[in-house]
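Chain lettering (A, B, C and D) follows the sequence in which the chains are written, and residue indices restart at 1 in each chain.
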Amino acid sequence: MEIRDFFFNLTWLIPLFPLLAFALIVLWANPNRKLSTWLAWMGIGLSWLLGWTIFFLSWGDIHHLTPPEGNHPVPLWTLPTGSSVLKIGFQVDTLTALMLFMVPFVCLMIFIYSKGYMGYGTNQVDSRYSRFFAYISLFACGMLGLIVSDNLLTLFIFWEIMGLCSYLLIGFWYEKSYPDPNRITPKEAGLKAFLTTRVGDVIMLLGLLLLYSQVGSLSFMDVFNHETLDMLAHKMVVLPVFGSVPVATLAALLLFGGAMGKSAQFPLHVWLPDAMEGPTPVSALIHAATMVSAGVYLVARSFPLFVAVHGGAQLAVVAFIGAFTALFASTIAVAQNDIKRVLAYSTISQLGYMIAALGIGAYIAAVFHLINHAFFKALLFLGSGSVIHGVEHGHHEVAHGHHGHEEEAFDANDMMNMGGLLSKMPRTAWTFIIGGGALAGIVPLAGFWSKDEILAHAWHEFQHGHDFGTFWPFFVWLLLTIAAALTAFYTARQICLAFVGRPRTEAAQHAHESPPSMTWPLMLLAFFAVILGLFGTPWANQFHHLIGEAFEATPFDPFVAGLSTVLAVGGMALGWLVYGRQPLAAGQVDPLKRWLGPVHTVLENKYYLDELYKTIFIRPVIWLSHIFSKFDYDWVINRIVNLAGTVTVFVSERWGEFDLVIVDGLVNLVGRSGASFSRLSGVVDLNIVDGIVNRIGDLIKAGGRFLRPLQTGRVQNYLIVAATTVVVLLGWYLVLSVL
Amino acid sequence: MDVPLSWYLLVAAALFCMGLYGVLSRRNAVAILMGVELMLNAVNINLVTFWRYVAPEAMAGQVFAVLVYTVAAAEAAVGLALFIAIYRSRDTVVVEDIDLMKG
Amino acid sequence: MSVEHGVFIVLSAITLVGAWIVIANRNLYRAALGMVLSFFGVAGLYALLNVGFLAVVQVLIYVGAISILIIFAIMLTRQVMDREVVQRNSQWFISLLVALVLFGVLGYTLAFRVADQWAVGGSGLPEKPIEALGEALVTTYALPFEVASVLLLVALVGAIVIAREK
Amino acid sequence: MNILDDLFVNIGQWWTNLLSDALSLPDGAVTMINGLIGGLILALLGVVMVLILTYMERKVFSRLQDRIGPNRWGPWGIFQAVADAIKMLIKEDIVPDNADRLLFNLAPVLMVIPAVLLYAVLPFGRRMVGSDLNVGALYVVAIGSLTAIAVMTAGWSSNNKYGLLGAFRVIAQLVSYEIPMVLAMASVVLIAGSMSLVKIVESQPIPNAILMPVSFFIYMAAGMAELGRSPFDLLEADSEIVAGYFIEYSGMKFALFFLAEYINMFAIAGVATTLFLSGWNWPILPTWLWFFIKTFAVVFVFIWARGSWPRFRIDHMLNFAWKFLVPLALVNLMVVALVDKLLADAGMWARAGGLLVSNLVIIAVTLGVVAWAARRSRNAKLQAIAGAR
């Protein structure tokens, strides 16, 4: 066993290698593209070797890591913080080992892929090529550190590192801007992602503070053991609105807030689709495979905390949010045309699966799905990236062919610009189709087993649910099943639109297969997407063996499995019927538009959630004034005037010339009345509506003018205020209190 | 050890207040930096005195005094650099004239 | 009233007089020399507390390095040190009040209330003080120590970058 | 021999007994009186040393320049120094207009004080030390760094352009050369395992100069720079900034600067003796005699260097400090620490050999690097010329 302990004690090296790569690239190697590439590859490669060593070792004898021995701690140092001591360190347990199987490998694949995607060795190599590799190395450091850290504090730190990298990488092409102002630019997208996730992170930080204040430590061993959890479960805190709730519930909910932000659950999901503005490897790395799964990882990691209180609100919330997100996002995905956005929404919905599964206690199924999803979703994203790459190159060729075409706006992401790529880029196409099958849950690809395990568990809980009630499991099962059908449908739609039929643009016509550095990762990932599920079949469930003997395995349920298979196949078949049988011609509208009508528009605009947020949080006043003006002009006045006009015409036609007088009188009367009415309402509008708006503006201005002198810009004035405050407080505390 | 603890603390407090006055009332940035140094010294006196009188066997007091030295040194270096840069661009180091942030 | 009392009074007098020169003197150069004086007083206080090491380090760092830097700054920004220039800003009186009140509060508390009850630890000095300090710096306080070194490095680089001619 | 060896110690002992027993003074008073008298003796020693050193310098210098040197006043002109002193004293004392009078008068005093303070920790012989601080080496550095302030004050307060320029040069030079000096001392402290000068002396039967020639060289170079003597005499480079910071001084005040320089010189030489030449720690002769012999030898080296080297240009001076001495000192310190750790329990001789060998390696590498750099720059120059042609 020495060999195993030897490797386990090296755990702290895993995040270190990419960090070193980052530092070296940034400080030293960045002028040299080749060197930077190799540095990044070496960093992640070493981490990958070590990670898989640890994984297979811990798989070898699992009992070392399962209770009572528990995890394998690797303490680094202790930080004296006031009265208590903060233990910083790493650990290996089964969950960590499992993540170590997934994360470094996917990262490595994507690193290799990035070389080709960022155009190494071509004439279109990105100007910030080295910086890109530095960033993704830093990101890899963040993710690996997150999964090996043994306490919530370092977990949070690495979490934030990832947030930073996400921001940097989404906005990687910060100088890019689009012709139409409504489309979000990379810069804005980065900011949006950063701020949105920040909301969740603050909540999570509150959770950490709460736990620390209650437990006095943040390391998993101290927090997630039975007596602490009992203590937390029975200790009550009184909230303003909800009354008294157990600390465990509150802490769990707060932590879940962070998870919602990071893995894009319903209210905070808006950043993820826009994150697709970043380079595609980033989308694959951060916004599909690894970072977004950090939230799920967090919930899985603190699962004992979630189940500490029986029948508490926290699990219900988790289950509801997850299931709702899954369905909601999959509906949106149906109506998207941007190939990456479809995948983005499917990512959201799959994450919803995992969250929902955790919400009903399907721990193993959730983690299983997490791993599988990481593989096939990374595969899909890289495939889409390869497609985009090919189409863009095709576009360049066309543009070079006959000049003057560069300035025409061409969106290489739009699936309507593709088609028939199956013959152009076969490797990409076939791997993509495999990935799609896995996503849709076709037997025996990876997705099927994990998804089916989740559904089966939900159904199982519904039928004889002991500790999760019966309602939530059924709810989850229902929504997830519908979502599964939709997933199959939009996957088929995507495949057909992209690969089947005849090219719809010249760009697609001239598309070529991507370089091997991009296609090899695709094939490797595809291989895993095929075989990975077989480790988690209900009959020989290696994952169950690996993750937790503590949880009972879900029995295989033929009804659920059959149903989901039928739905998956049916969905894909439907998709084939709609888009595959006779492929869309160039410029032909999406048939769904025709059938669904307004619903499709709603879906296409993502339920207008962005607009909703914008309007709620950003400019309610403008919105209001818009409503007012609409009210005044469109709905009332013009209606009346038009009515009057039609009536007039009608009447004047009916009656001949010989009682023009009356008619004229009538007409003029009505016309005048309408005109005067509109003038009146115009006055009202000008004086009252605008008046209100202006008054508000003036008020704010006046307040600003009033407060402005405080900002003298002289440091010492600020300082003296601070000093006075301190003196007053000190005096109060030291003198008045004892007098 | 027959000087009572409070004497040292009083001297430190006096030094601190003088430094504070200097920081608040001087016009020249360099003079302000001097005031800050005085305050840091006052803090150090407190650290060392408490170490000596309360916990002579635990080294915390001296250790943190040393850390304060490093901070003071770094501060002086960066301060000098800032003054030179400001003087180069604005031709003065009178803080009252450096109010770009004026609202 | 022993010799130690006398020495203490003299040293603290030196310290405070130096500080007074720093804050009151119009001539910045003299102010800087007053600061040196004050630093020497503090070093003496350390010696009186038998922390010889810190006393010497105080002289080395504050007098040898920081004062030099500050004098350098004064020299390089010369025009503000003509003797006529008023060195007090408009809010000096409030500042004076604040400082005095603060001293009042602290002095009251220290002199009449808590201070001497805190002196609980005996005079059991470690027999090898410098060795003990070194031990502590690289064992218990290794992390702060490293952080301090990094801070120095960063300050060095930053100072160079800021002060370099564009 | 023992009588001679303990001569001064016994005198001191007798005096103390006299005070405490015969006059039956309280201990505090005795210590105070002894402290005062000791200080006085040390200060006087400084002055005497100045007389001797000035004479010695004139003589050696003139020999180097193939002159006879002072030979009028007294046999072999030994009273020359006295004559100088008298000349200084009777000169008029000038204070320039709108100089800062207080500081102008204060500066020379500030100049002398640290020089004399250095004598407090020098171990002149066995049991002959002013006070054996356990941080002696650090104390030496700290006190040495005070000179800068005095010089600055002198240059500034005399309200003279050249004075200020000289002051700036002083700061640049002293601050730059303090670093390699400290690093060189650090290697010695590392070997001795203590900062107390007495312990350092006792811990080196073999002089450190032999074990660590690199440190010794660095210390000597930095010492000359700290003294501001040629070849590092840019501070008072008459031909550039006419006498630099003490340009406005005359008479007694100038004499004080003069005094400070020579007191410093002897002190630095003494420290060099203590740190590198195993101080008084040699057999046969009385220990204090050893000390003075070695110290004068070092002083002779200083004078020799002054006589033989031209003055550095200021940028050369700074480059020499920052680009050569500091890196060399750092490498040296690391190597010494490494060797010391590796051979910690390998016996004295093994350690000595290891140190010597490692130092020789360092020297070889350094020379190689310097030669390479020189060749490169020369080639660059040649190519530039060729390009110009």
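Everything that follows uses one rule, which is that a contact is a pair of C-beta atoms (placed from the backbone, for glycine too) under 8 Å apart; a residue touches a chain by one contact, two chains touch by 3 or more.
Because the structure is predicted, anything quoted here is derived from the model rather than measured.
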Per-chain Cα centre nearest the global Cα centre, belonging to chain: B
Of B-C and A-C, whichever chain pair has more C-beta contact pairs: B-C
Separation of chain B from chain C, taking each centre as the mean of its C-alpha atoms, in whole Å: 6
Rounded Å distance, chain A centre to chain C centre (Cα mean): 53
Geometric centre distance via CA averages, chain D-chain C, whole Å: 29
Rounded Å distance between chain B and chain D, as computed from the means of their C-alpha atoms: 33
Junction residues of chain C - those touching two or more other chains: 53, 57, 65, 72, 89, 91, 94-95, 98, 102, 106, 140
Shared interface positions of chain B, touching two or more other chains: 20, 24-25, 95-96
Residues of chain A touching at least two other chains: 716, 720, 723
Chain contact topology (line, ring, star, complete or other): other
Contact footprint of chain C on chain D as seen in their complex: 28, 100, 102-103, 133-135, 138-139, 141-143, 145-146, 148-149, 152-153, 156-157, 164, 167-168, 171, 175, 178, 195
Residue numbers on chain A that touch chain C, as the complex places them: 77, 79-80, 716-717, 720, 723-724, 726-727, 730-731, 734-735, 738
Chain B residues touching chain A - in the complex, by the definition given at the top: 20, 23-25, 32, 95-96, 99-103
Touch list for chain A against partner chain B, complex: 707-716, 719-720, 723
Contact footprint of chain D on chain C as seen in their complex: 3, 27, 29-30, 33, 36, 52-53, 56-57, 59-60, 63-65, 67-68, 71-72, 75, 130
